[in-house]
Each structure stands twice: as C-alpha cells, then as structure tokens.
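What follows is a structure written as structure tokens; I'll ask about it next.
Should a chain be cited, it is by its letter among A, B and C, assigned in written order, with residues numbered from 1 in that chain.
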Amino acid sequence: MPSGATLLLVLDLVGTFAFALNGALTALRAARLDIVGVVTLGMITAVGGGTIRDVLLDSLPPATFADWRYYAVAAAGGLIAFFLGRRLDRLNTPITVLDAVGLALFAVTGATKAIGLGFGPEQAVIVGTITAVGGGTIRDVLVRQIPSVLSSGFYAIPALIGATAAVVASLLGAGGTLATVGAAVLCFVIRMVGVRYDLNAPYPLAPPEPARDDDE
Amino acid sequence: MPSGATLLLVLDLVGTFAFALNGALTALRAARLDIVGVVTLGMITAVGGGTIRDVLLDSLPPATFADWRYYAVAAAGGLIAFFLGRRLDRLNTPITVLDAVGLALFAVTGATKAIGLGFGPEQAVIVGTITAVGGGTIRDVLVRQIPSVLSSGFYAIPALIGATAAVVASLLGAGGTLATVGAAVLCFVIRMVGVRYDLNAPYPLAPPEPARDDDE
Amino acid sequence: MPSGATLLLVLDLVGTFAFALNGALTALRAARLDIVGVVTLGMITAVGGGTIRDVLLDSLPPATFADWRYYAVAAAGGLIAFFLGRRLDRLNTPITVLDAVGLALFAVTGATKAIGLGFGPEQAVIVGTITAVGGGTIRDVLVRQIPSVLSSGFYAIPALIGATAAVVASLLGAGGTLATVGAAVLCFVIRMVGVRYDLNAPYPLAPPEPARDDDE
C-alpha cells in the first residue's frame, strides 16, 4: 500500500498527464500552432499551476521543475495530443472527464502540500485552488483567450470545495489517503455535475455595458 | 501612534482595498465575467504587484499570500464591486482617486520594503514601481487589454517619482512616517494632475505603421 | 583573459542588450505605445527570461534584478529603439541577427548556470530554453500577440539545441570558455539557417478547425 507521499506523487502525475493532454488539445483548437507550440502549451497547462503553488509556498525550485517525471509525463501528454489531435477532438467527453480529474487532483494535492508545509487553512484553500486553475489560465492567456475560469462555467468553485474538503479533513486529523481521495472525488463529482447540468457561477445582475473594446 | 511597520501595513491594506475595488470594476467593464471572475480579477489587481515584489526581493512566501488580511481585504473589494458594479460605475471620479491612492501607496511601500531588506536604491525604485503597476498589468492581460501602463496616460511615471522620493528620503536618513506619507502624497498629486490635464508620456515621433494586427 | 564567470556575465549583458533593442522594436510595431511602454517592453524582453530562470533555479533575488548592469543595459536598448525606431525598422537583417545572438547567448548561459548550481542535465536544457524564449513570450503576451515561439518559425528548437550542446560539453568535462562559445555559435547558426531557408517546426497534419475565435 502506498504511503501518503507516494500517493500524492502518483495523483499529481496523473493530474499532470490529464492536464497536458487537455491543454494541448485546447491549444490546438484555439490557434494555429506548430509542434513546439502544442507541446509547450500542454506542458505549461500541466506544470503551470504547480509552479505558481511552489512560488507561493516558498518551495523552490518547483517540484514540477526539479523532478523530471513531471515534464516527461507532461511532454508525453502534449505529444499524444499533437499526433492524435483530430481523432481525440471527437472524444469530447473523455477530455472533459480527464480535465475534471486533473482539476480535482491538483486542488487536493496543492492544498495538502500547503498544510504539510505548515501553512494555515486559508492559505491551503487558496493555493489548492490556484494549483488547479493556474495552468489552464496561463494557457488561455498565451493563446489569447479570456481565461475560461474567469468567464464561464463552474470551474473554480469545485476546486475551491475540493481544496476546502481536503483542508477540513486534515484539520480534523483525518488527512490520510482516504480523505485525500475523498476530497478529490467530491471535487470531481461537483465539476461533472456542473458540466452535465450546465451550471454557472452568478453573473452580475446589471453589468455595465462592455464598451471598452474600442482598441481592438 | 503607529510604528513604522504598522503604518506600512495599514497603508498597504488601504492600497489593497483600493486596487481590488478598482480592478474588479475595470474587469466588469472589459469582459463578461461571472462572480468568480470579477472577484478573482479584483484580488489579482490588489495582490499581484506585491507578489511580484516579494519574488524579486526574495521575500517568499509573499506577504500578500502569507497574511490572510490581504486577501480578506482584496476579496471584500471585489465583492463590493460585483454587487454594486452598476452604481459604482457612475462614480468615475472616486474610482480614479482610489486607484491613484493605491498606486501611491504601493509605490512607496514597495520601495520602502526593498530598502528595509537591504537592497540598493536602484532596486528599490524599480521594485516600488513594479509593485504599483504590476497588479493592474496582470489584470489587463487576463481580460485581453493592452496594459494601460504601457500605452496611455501618466501612470508609471508618478509611481516612479513616488518610489524615488521614498528612497531619497530614506537615504537622507528621513525614512520615517512623515517621509513615507509625503512620498505617497507626492505620487498621488502627480497622478491626479496627470488625470486632470490629460498628460501623456511621450509617444514615438515617427512610429512604424502598426501593421501587425492582421491576425485579429 | 576573462575567467568563466566574467565571460558568462559579458555574454549575458550582450544578450540583454540585443533582446532589449529587439523587444522594443517589436513592441513599437505591434501596438501604439508611449515611451514608458516601449522601454518597459524592451526591458521585459531582456530580463524576463533570466527572471523566470532564477525563480526555477531558486536563485533569488534574480541576477537580472540584483545587478543594476542588467537593467542599465536593457534600458539603454529600449531607449535607443524608442528614439531611432523608424530608422532601425528598416534594418531588419541586423535586428534578426541581434535577436539570434540574444537567443544563443541566453540558451547557453541559462543552461550553464543551472549546471553550475548543481541541477541535472534535463533541468539545464529546459531552463536554458526558457531563458532564451521567456522574455519574448512575455512581451508578446503584453502586446496581445500569440507568442511567436508557439506558432511560427524555428525559434525554440535552436535554443534547445544550443542548451543541449552546452550541457553535453559540460558533462564531458569540456565546460570551459570554448565550449560555451561553441554552443552559442551552434545555436546562432541553426537559428540563422532557419531564418534564411524559412524553416518551420512541423504543424499538425490535420488540425481541428480553429472555431473558437467567436469572442474576437
């Protein structure tokens, strides 16, 4: 049976692969990119959140950089997306599922790492959420999309809930393997329910007219 | 009477609130965002500059992350903007004033922090300016605007002057409460004069034609 | 004869100047910017890659920030571009050459710094490449271009090869001045051959239709 640290590493690598595949496919659709661009964007989606996490937690050099397994797994995901892009593109459901897996795993492992380094619960929740959504945000900025986490769907909130669940379990002394997996499953289920029923976070009731596009 | 450290903290928190409110309102106008997006952009505007500052000063984890008061204040600013967005939008003058307050406070506290950590005057001026304009720059990138600090108005220059004044005062042995406030007031006044008289930093005399927008 | 450290510093400063000049000129063409914007973008292009490098290598504060010579040289490059912008714009060949010089020098000095700090060869190759392409990527994001490294030409690959050559030489015990310069020349030549013969990294064979531009 794996120890806690091994479990965290395995979950983190699975999340990394899921995000690399998803990130590269999103990039393929958003812009005309060459193989360098597709693989790079897959890797950035996969390791971006963890890099921000480790800067905030003062845990440099970032685990995603110091441990070659992260970028081997991330590069593999990006290359698969590049070579199978068109076929994978029809597999919208598996891709959404993979992305939700990555979201759930990164939210929970990010929060758990913060607790393990002695940070408070607020920091752990915030850093878990940032770990989960950070890579995709950098990807969207690079291909000139407004980051989807800011504008659509139900994406940051499941991450916030998953990170909170992991932190609460840890504070209650139940921060073991089961609680970690449970919090990730909770995040995953909420995310998939949001996708299924097309949930959205509330929009402003009376938004000012978005008139600032004059410089486009 | 507050000590220097307390004063810096209070000024920093006031600047954080001003930037969160302003950043969330700017985001509301620039793109269609949900509550997560508006509050996130307010928080990023508020804590982004300080985060870059602390990376450059090797003062990790960032104060804006390690101290929950920063993101409590930032989240409050973002939520107020979300719920009162339309009404606040008519209050253009107070918003511009608040932003100038944040600019002035961050330029001065950023520079003062660098001096306190033993950095040289050039570093202190640069880091003060980056603290002041960094959060707004990240916000603009996320909502796909060319950062206003790069293209319009008189924004970075007041910050540069305020940071320089704080550094000079400190080098002259006058780095106390009064000098800190004085440098911030100087930056604030220059910024507001720039707004009032529509000052701009110089443009290139003969710019090459901006022909690269073909991919828009 | 310069020691290894002095050589690295000199090469790094030459690369910084080349990138500042090139970055400011690219910025001038991409958007309407004032003097603050042009100089800032020149400086960001010049020191951005090195800043990311030093975050990843846990070598904070970044050398580009702690050592005033970096931003003095970078600011000089930005100011020259601002004042001579139009005339320099006709000098497309020298600008491309300067950029290739910066690319080559940063790839090699970044990789060499990583090896010197005890990182493994994979980390050194990755960080050398990121040092070389990082500044230009931030610049492109700020002026709302899709980073050219992701979408066109033969840019990241020469950097990758140059960094790899520097690392291999170092592993073979030949990490001296000659090997450093040789690896930089190799990167430079490959980049210039790519420019001359209009080489591109492979594109996806059957890309999915880029249908996500609806929000443009």
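Keep in mind that, in the parts below, a residue touches a chain if its C-beta (ideal position, glycine included) is under 8 Å from a C-beta of that chain, and two chains touch if they have at least 3 such contacts.
Given the structure is predicted, the values throughout are model-derived calculations rather than measurements.
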Interface sides of chain B and chain C: same vs different residues, half threshold: different
Fitted rotation between chain A and its twin chain B in degrees, CA, nearest 5: 120
Where chain B and chain C are represented by their mean Cα positions, the distance between them in whole Å: 28
Per-residue multi-chain contacts in chain B, two or more chains: 55, 60, 141, 144, 146, 216
Residues on chain C engaged by chain B in the complex (per definition of touch): 27-38, 40-41, 51, 55, 60-62, 65-66, 68, 71, 82, 85-86, 89, 141-146, 216
Residues on chain B engaged by chain C in the complex (per definition of touch): 55-58, 60, 119-120, 122-123, 126-127, 137, 141, 144, 146-147, 149-152, 155-157, 200-208, 210-212, 215-216
